[in-house]
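Below, each structure is written out as structure tokens.
Next, two complexes with chain A in common: one pairs it with chain B, the other with chain C.
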Partner chain A sequence: MKPNKVFHASLITIVMIYLFIPLVATFLYSISTDWYRTILPEGYTLSWYKELFTDPRFLDAMQRTLFVCFLAICISVTVMVPTIFIVTVYFSRWERTLQGLVMLPYAIPGVVAAVGLIKLYSSGPIVLSGSIWILIGAYFVIVLPYMYQGIRNSMRTIDAIKLVEAAELLGASRMQAFWKVIFPNILTGIIVSTLLSFSTLFGEFVLANLLVGGHYETMQIYLIRRMSESGHLTSAIVVTYFILLFALSGIVMRLGKSSSKEGSR
Partner chain B sequence: MSYVQIDRLSKRFKETTVLNQVSLSIEKGELITLLGPSGCGKSTLLRCIAGLTEVEDGGKIVVGDTNITQLAPKAREVGMVFQSYALFPNMNVYGNICFGLKMKGVKKEEYKERVERIIDLVDLRGRENSYPHQLSGGQQQRVALARSLVVEPKILLLDEPLSALDAKIRKSLQTEIRRIQQELSITTVFVTHDQEEALTVSDRIFVMDHGNIVQIGTPKEIYAHPASEFVARFIGNYNVLKRAEMVQLVGEIVMAGDAFAIRPEVISLVPRGNEASAQSKNGWSVESVVRSMTLKGNVIRYEVETNHQKMQVDVLNTSDNHWIRVGTPVFMRIPAEECIPLQ
Partner chain C sequence: MLSLLPFAFLVLCFELLPLLVMVLESFRGDGGVGWGLEQYTKALTSKYYLQGLSNSFFISLCASAVGIVVALFAAYSITRFSQRMRDFLLMLSNMTSNFSGVPLAFAYIIILGSNGLFTLLFKQLGWTTLASIDLFSWFGLVCVYVYFQIPLAILLLYPTYYGIHQQWRESAALLGASTVQFWRYIGLPVILPGVVGTFSILFANAMGAYATAYALVGGNYNLIAIRIGSLVAGDVAARPELAGALAVILAITMVTAMLINEWMMRRVRRELG
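Here is the complex of A and B:
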């Protein structure tokens, strides 16, 4: 091996060890009986996972998180797909405005957004503070950039304007052009954006804690609360959490790969 | 009355006039070409006919007996082939071709035969189940053509349909498009910036410049008798000389005209020492020197310099035409009847 290659290989190995040791250690801790005085755990058990998966609080929290994320993303897809289609194809001069608008959540820190939302919705015509609707609303806003970029890029890749023109000249109405030509071709993009948004929301803590907190215990809040009780249990939660996110990212990457292959053909 | 009548069509994008009161008429079954450089308004004119670009008030487009100026694209009964083909990636060849018929509510039993016939016409038999990304550029273009033709449009619009293809396929598809157009006798508007393509496929050529039609004629007329300096320069590699330059080159002339166009292939080169053969009854012999030589395949292009200007001369590349070396003094023989006066 050339010296240059040795350097590269060792550098990568060090980085990988640095990244993986905490994960491996967390996993080992989550399946250990005791781990104080030895290099490796003294005994192994799955009881922490058993405790976790039989804890109704955990299952409820998981359900709540899935519900909130699912609803926020559903609303986002329903609103964003037609909006981006209409702006891209028929009102292209509004594109920059829309882009600026949906990128705003990137610029606003979670704490600032939460405080602002609580202040706005705790009085006045619409009172939402403390309810899950304020969280769903906030989640809808923070996933806008992911939704916008993903869907907009797929429309650009397929040259949506030309396809719609071709479909209309062949006798299709605007709705038919969208459903029969555009939608099937951007579906992969929509799924990728959806999964990306889902993994972002799944790990979101600041807004969940500040906007609903104890009223509506989501996964993240549950995790923080149980942390103080038992390290083993917390490790089991973290590992479960990682596996879920890992699976989600895997699906996103696979879909992203297949869609980029199609785009380059 | 002509089948397609376009009357005083204008289009402005902000301050820029893209089409300036354009009027033209097309006969039924005719293939006309809109020819011009990029930005001359030819594609905009095509999009206006298709209804994809709105026209300014006052313009009128009539096809047959119907005024289609204000109709939506889907109601115009025009077929269009785009430069990028715009095939639907989620549908196979068969799906792409019958899309228009499905949208028009034609039943499967009725359109099946029509689709089969068009697949044979564009020579796509055996590729019906392929998706666009599995086809070559030429095949994709045929699908686009079949998709537009199968709905039997009143006019077929082709927007630079061959510009994304390589030279060999382009040439064979030019012939094929012409064959299909003549077989179906479909009125066709073909947009291109390639003068050779226009000369090959058209019944008539409409040369456009800055949103105006500057000359209309058959390919032969346009090539042999360009009406202006712009057309002469665009349609061929004409040598275009102002009147004063022409006088400097050949001496006093009696012909009227502000400028003159001389095709490079009508000039012949005679090496010095052969003065007798250089003399011509009706024309001029000008002393000059060969400055460069480029092999263009079937012709050799010489750049020849006189005292006053440079001229291009094309000589057929045959075995009895010996290549003249750069720096050789020659006589340039220009037949008078081949000097085309321009306005």
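Here is the complex of A and C:
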């Protein structure tokens, strides 16, 4: 047993070191003064972060990303929660169709999705190409699987169909059954889906670049444009982006854990 | 009923119609004139696009193979730790699985680019072969792709190991089976569908990857995803018909991979159930 333990521990340590080298290197790079002659940085500084956070271009790009993600997710939540609720409770024979529609984006990579979107909206009756609306529409589609999984699972956990039946037996209207009984119970699921969708969209590059790249500089586009200019500044962007992402996934994990505990009770 | 309209509208406008337009477009002649298989013939006979397809295919194949082999051992090792440690290791894998696309490409330029930290280190140590790794080549792309495959493969493969019950190992050991025999005749057959399924997801993931490659090599390296991107929004004149045909070919490869996964997962579930 003993040598086995040592083997597993060392294997995992090596894999984890491998996985963390790029992260650690980027972090060190973002706080170093000069680092191209020596093995370790020549000195440490926070000036890259100072430069970054006073750069109006960065703040604008951040704002744009947050705006687009926020809008796409708001639309998604307002549309998907009632849709999933109605299909689950009242039209269960359409469940397979809904599932097929929302899972399809999983199999369609961004470049493929972009081809049709560009063609469809660059000429003809509705011209959206280059505007943020085409991006928001595309983002709505990207987050469909995340939204569906999270919300559908929490409805299944609370047994939404039975709850609604009980509420209606007791004289509640459909609206009341939804708002007073179902909604408070699936709120955690909605929040988890929202945050997961947010972290996916936050790092989205392909569609942003192909659909609106020239006109609308989001974080990822700002990042790739800065890459050729200053490595240190770019690492500061990457680190900032990651801290945000880790914070988000931390919250998701915590919420996910507490909701699954509630479910098993 | 009426409340389902917004969903139907959005899905139609941004998911179904664009896909339909893309497929229709792929059957048109250049400039949208006439109908036919012209674009597919072009895509599948032109040396240039065939090379893009085969580059994507082999890079994805290699990166997924390395990823799955590493994950096969790593995921098993994780199952050998205490509950707290397992959660912690899975959290770390989850964290690093977010590291892909443009930020990942950038990190690799820092560590393995021509002035990268490891390149410097290898030079000082005199390891010239390692120091001369060209990040912007076939091999370099595989290295970067492997990085985002490993955490994903660990997360997908980890649950599969719980299909192997502790009692089986004890019974096998009691009946005189060695560890090698146990894995050969019991362990591997049980996890095999899960492994194949995970592999197909990794493969699809790598085939569709655009951001990482774009950030690393721009339009310079011939990959199918990059070709599609530059045909619809590149500096050269847009050719949506050809882009459509290439996109359909890429989508078919990916959907096939996903279907294999679906089919394999059903087998796993049946065996576990």
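Here, the second predicted complex is superposed on the first by the 264 of 265 C-alpha atoms of A that agree within 3 Å, B and C clash if a C-alpha of one lies under 4 Å from a C-alpha of the other, contacts with A are read in each partner's own complex, and residues count from 1 in each chain.
What we mean here is this: contacts are C-beta pairs under 8 Å (C-beta built on N, C-alpha and C of every residue); 3 or more make two chains touch, one makes a residue touch a chain.
Note that the structure is predicted; figures quoted are calculated from it, not measured.
**Q** Mind working out whether A:171 is in touch with chain B, chain C, both or neither, as first, second, both or neither?
**A** A:171 contacts chain B only, not chain C.
**Q** Which chain, chain B or chain C, ends up touching more residues of chain A in the combined arrangement?
**A** C
**Q** Please indicate which partner A:60 is in contact with in the superposed arrangement: first for chain B, second for chain C, both, or neither.
**A** neither
**Q** Would you sort A:163 into first (chain B), second (chain C), both or neither based on which partner it touches?
**A** So A:163 only meets chain B here.
**Q** Using the superposition on chain A described above, determine whether A:51 touches chain B (first), chain C (second), both, or neither.
**A** Touch status of A:51: no partner.
**Q** Looking at the complex, which residues from chain A come into contact with chain B?
**A** So the residues of chain A touching chain B come out as 158-159, 162-163, 165-173, 176, 180-181, 184-185, 262, 265.
**Q** For the complex, which residues does chain B have touching chain A?
**A** So the residues of chain B touching chain A come out as 50, 52, 72-74, 76, 78-80, 82, 84, 86, 88-90, 99-100, 103-104, 133, 147-148, 151.
**Q** Okay, in this complex, where on chain A does chain C touch?
**A** 4-5, 7-9, 11-12, 15-16, 18-23, 25-26, 29, 35-39, 75, 78-80, 82-83, 86-87, 101, 104-120, 137-138, 140-141, 144, 199, 203, 205-206, 209-210, 213, 220, 223-224, 227, 231, 234-235, 238, 241-242, 245-246, 249, 253
**Q** Of all residues in chain C, which touch chain A in the complex?
**A** 3-4, 6-7, 10-11, 13-22, 25, 70, 73-74, 76-78, 80-81, 89, 91-96, 98-104, 106-111, 115, 117, 120-121, 124, 147, 150-151, 204, 207-211, 214-215, 225, 228-229, 232-233, 238, 240, 243-244, 247, 250-251, 254-255, 258
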